[in-house]
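Chains here go by letter, A, B, C and D, matching the order in which they are written, and residues are numbered from 1 within each.
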Amino acid sequence: MMSAPMLRLEGVQKSFGGLTAVAALSLEVPAGCVAGLMGPNGAGKTTVINLITGLLRADSGVIALDGAPIQHLPVHAIAARGIARTYQNVRLFAGMTALEQVMAGSYLRRRTSLMASFLALPSARAALRMTRRRALDLLARVGMAARADELAETLSYGEQRRIEIARALGAGPRLLLLDEPTAGMNAQESEAIGRLVHTLRDDGLTVLMVEHNVRLVSDFCDQVTVMSFGRALVHGTPTACMADPEVQEAYFGRKEDAQRIRALR
Amino acid sequence: MRIAKGAALVAAMLLAGGSVLAGPARAAALAPGDYKVGFVAEITGPIAFAGKSFLAGAQLAADEISANGWMGKGTHISVLVKDSASDAARAIQDIHQFIADRSVIATTCCILSPVANSVKPIVASAGIPLVIHGATLPGLPAPPWVYSMTVLPGPKDVATAVKMAETTKPKSVTYFLAADNDAFKARLGAARAALEKMGVKTAGVVSVLTADTDFTAPATQAMGEHPDAILIYTTQAPAVGIIAALRQRGYTGTIVGNDVLSPASVFKKLGPAVVGIPFPIGFSSDLATTPEAKAFVAGYKAKFGNDPDIYSAQGYEAIWFIAQGLRAAGGKPTRATLAKTLAAQHEVTHNVYGGEPITGGQIDTAGTTIVAWSADGKLVPWTGAK
Amino acid sequence: MSLFVEQLINGCALGSLYALFAIGFGLVFATLGILNAAHGTYASWAAIAALAAVQRLGLPFPLAVLVGVAAGGALGVAVDQIAFQPLRRRGAGMLGALITSIAAWIVLDNLAGVATGQDSLSFPTDSYPGGMLHVGGIAFSTMQLITIIAMLAATLGMHLLVRHSRFGAAMRAVGWKEQAAAIVGVDPRRVVLATAFLAGAASGLAGVLGGISTANVSYSLGEGLMLKGFAAVVVGGYDDVRGAALAGVALGILEVMSAQYVSTSLRDGITYALLLGFLLLRPRGLFGGTSFVRA
Amino acid sequence: MADFWAAYQSTLGFAMVNAFFALSTYAVLSAGMLSFATVTFAALGGFLGAQLAVHLALPPVLVMPVSALSGALLAYVVALLFLRLDSHWMALASLALVLITRVVALNATALTGGVNGLSVPLSLPLWVLAAILAVICVVFWRLSASWYGIAARAVREDAAVAATLGIPQRRIQTIAFIISGAVGGLGGILLALMLQFLSPETYFIDIAFTMIAAVVLGGSYHWAGAIVGAVVFTALPVLLQAVVPDFEKVANGICLLLIMIFLPRGLIDPRALRLRRARKAPSR
């Protein structure tokens, strides 16, 4: 395992109007690690994911991948550097089958030029066949191979989440950002996601996941960062973090505050 | 009606004389049957107000010609209508449908010159006669296929401007021009040259666009030049707007209009503001003097309940011209023989203008009548006195 | 000099019509997210209704204007409920509403043509205050004064409503997200209806006043306002009533002045080039404002 | 039968020409952009092509590529300027562009003939038109089946998500504009050859609105929808004129309204097809 962090956030700041969503956040995710990002609603977790992927621009601070700053890059260039993500509320493409979703996700791994693909050159056709096979493999990996040709929007919420993971994997990332991957899933399904994350890690992928399910985080994350009101409260192993009094208060003590913030959003 | 028939008889005799000279082959009477004319109408769209008049005139002509078998025993002429809404693409499709209908012997169309321009090559290559009933652009006719029954307005404008200058002796005049209409540009140029030759200075030319609706600013601009007279060379809607705006802003000097002011709707709209403004006219129901013209007015009133205007007269003439060609062709005319016969006509014999010579497929009228609206909404000859 | 001032007044009066049109058009765009191609037909129909009120019922000028405004508003609501509501229920985007608005435009435009007998009608000269006013050698018509005052009043009223009332807050909220209106405590459906009515009424006011002062009551009345009013919306910014109004007046003045001092054939070119320039250099309009589309 | 063919061949011709405009509109729409700029591309392609045909006496076969190329080039410039704008603003900007196009066309008399227009004494056999349309159909089929098509669909459905998958939105949309420009420019010269006459009024707002309507009506989620929409939209007025001559346009508008309300995704909708197939399939 390499000692240098794959992902590094340093003093990242983001506010909307007068409201500070992320304040001076610093965070490191080592390569080959499954990192968890926890915190009450409105703590700024999704904002962090949006900042890393470039959908939001940080007001200040550095976001670096393998030591190189990426916060100035356009969204698609950041993805090309090897970061892929899923969304808190599933954002699949309307009107596409499960396979087409993963194919769209495989754009970066198409191994042929747009022109060659348009002209249907033999090499491009071979590459397309290969990409399709790979996409089917990825669907099989998330347990959705049987549903490859079904319209994604007709599937259940949990199934859609798994397709979204397969779509992100299609891009062949080195760093995968999962935003609440088990929301709306039962214990059994959540467990399966956890195991999937582990096999991905074993294949050399680094994972950062926003997760509420304390058991899942404890069981499958190597390290955890807990956020509250845009700041990192604690950083460490799952067990240590859960025991921290500040975390306890953040989670259970100020529930009303958290509720209020959600209403404001 | 009786007088009209008499005149028609005279005309028929003249024609018969012509065909004797042309040879015995043409002496055969027209075979009985219904001869259909394809009429590309503009009864919806931007100039539908005029398009309806054109069509009404054409339908009246067809009724008259058919009712007494003018073209020969057992012959009828009927008008098939397709609306183009003044859209060139639609007009082309309509013309193609008429061409495809073998029973259609001739076509008539077009108020707008661009539309006429796009239909022209099609009829020429398909070989079907086309009589343009409304477009005023010079150079449209191209015998044997294309004819124009629209009196070119240019010379009449000059005559009107000159007469105005002779009677009111203005020192300087301002012109209004529809800047996006080349026909009016040419008409203004001719009138201006004639006036400047008489020593009338040009105070200014105020441009407006055909689609404009607000004329307060142009009126202010023209009045700012303090002219003794204002001459208007624009299409109908701007002309009406300009007169309304000038009068509203208190302009009391002489205004000279053009033929677009002749329809009754203009008087209805402008009322006193348009009274006394001179303009030239080829036909007016109020001034109908010839038997044909009187019969036309009476027939039109009986059929449609209102007076015909210049547009209905042009639609009327288009059908009469085609009927004249059919009768002269005789026998069983084809589109080609009809075209040949039309090309040989040097006058529309049944006309409401008191004489309608044809040169190069283009008609003309004898004199120029300068008229103005009277306070009770009649067109009266303009005397020059204010 | 007096010519210049008179033309300035002419430009203001003309621009006031564009402004009235623009504030309604912009309001619908900002609040309901609809690029409404039928907005111009409200003006035509309002003028037709007002003319009918004068000719058939013999109503006096202020009442006739009121009839026109009400007709414009009612038509706005009717078009919204027939052409837009079915799509809104289904959550179809802006594109569907654009198409149905084109459909409504075609239908209403052609029916307006039928209603006026394909002719351009005008108000009888004794049915409105048609006199000229002379102030220190400057001449302008009573109708111009009325038009400018009506525009100022409508703009002020609309601005106060949108920016400084609870209902206005709800309107802005609907523009952002329909559920948000519910948070402010207003039924989004009522907001939609009110917006459609206000927009139609503003367009109707422009139609009646324009129909009288340009002596043109026909379908072309609305079409003429549509293109220039649209330009005013873009330059002024659709989410700000003041911006749209100011831009409308400015475009009117620009139009008159460029015809007087430059060239009539370039007049529209100048207007639209300015429009495109604004779009590219200042794409949020005169007064800025927040982006319409979420990241 | 021969008569029927002769009567409606021009309707068929215009339907095919309109299909080019509809496909041009579809090209940008399928990458998530509403643009009326097709009219401008068509105007450039039409006037430039007509001038070349008239003054240099180039045969139509040579003129067409020039028209397509000029449309594509203009579209590239338009894309550079417009792609910085939000979607609503871009729709407005492209509408403004159409208005400017007419003013320019009226004043650039050397290119357009100004108000008098330009007569184009060339014609095109219908089968050539059909052949070109067939080629363009193949192009669109290849586009939709290629990586460009996959990326464009993703950008259209959710541009932000597409970007996080590494799909460069700007680049895809620039390509979309260039395709739109080429097909629009080609449609412009084809319309000129059909009409044999051009004026600044030929390319104006009517084309923009009817083409958007045609695409949405036919179905904006498949290229075939554009063609179906164009055919329906061209034939409908001709048919309605036979049925309700006085209220043909009103009926036209009502048809459009009803189709939009009851078939909001258009006549050709691959998604509905799939849903139907899914419902039928017993394998679930």
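One rule holds in what follows: contacts are C-beta pairs under 8 Å (C-beta built on N, C-alpha and C of every residue); 3 or more make two chains touch, one makes a residue touch a chain.
Since this is a predicted model, take the numbers as computed values, not measurements.
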Which other chains touch subunit B while also touching subunit C? D
What chain is the most remote from subunit B, judged by the mean position of CA atoms in each chain? A
Please list the single chain whose C-alpha centre lies closest to the global protein C-alpha centre. D
Calculate how many whole Å lie between the centre of subunit A and the centre of subunit C, each centre taken as the average of the chain's C-alpha atoms. 48
Distance in whole angstrom between the CA centres of subunit C and subunit D is 30
What is the distance, in whole Å, between the centres of subunit A and subunit D, each centre taken as the mean of its C-alpha atoms? 40
Can you give the whole-Å distance between the Cα centres of subunit A and subunit B? 76
Which subunit B residues touch at least two other chains? 44, 180
Going through subunit D residue by residue, note those that touch at least 2 other chains and give them in order. 106, 160, 249
By the touch rule stated above, which residues of subunit A touch at least two different other chains? 55
Residue ranges of subunit D in contact with subunit C within the complex: 29, 34, 81, 84-89, 91-93, 95-97, 99-100, 103-104, 106-107, 160, 209, 212-213, 216-217, 220, 246-247, 249-250, 252-254, 256-257, 260-261, 264
Please name which positions on subunit B make contact with subunit C in the complex. 43-44, 46, 48-49, 51-52, 179-180, 206-209, 211-218, 220-221, 224, 237, 240-241, 244-245, 248-250, 265, 269-272
With touch defined as at the start, can you tell me which subunit C residues reach subunit D in the complex? 29, 33, 35, 37, 82-83, 86-87, 90, 92, 94-96, 98-100, 102-107, 110-111, 114, 227, 230-231, 233-234, 265-266, 268-269, 272-273, 275-276, 279-280, 283, 291-293, 295
Note which residues of subunit D are touching subunit B in the complex, please. 3-11, 14, 106, 114-117, 119, 121, 123, 194-197, 199, 201-202, 206, 237-238, 241, 245, 248-249
Spell out the part of subunit C that touches subunit B in their complex, as residue ranges. 3, 6-7, 10-11, 13-14, 110, 113, 117-122, 124-125, 130, 132, 139, 141, 144, 210, 213-216, 220-221, 224, 255-256, 259-260, 263-265, 267-268
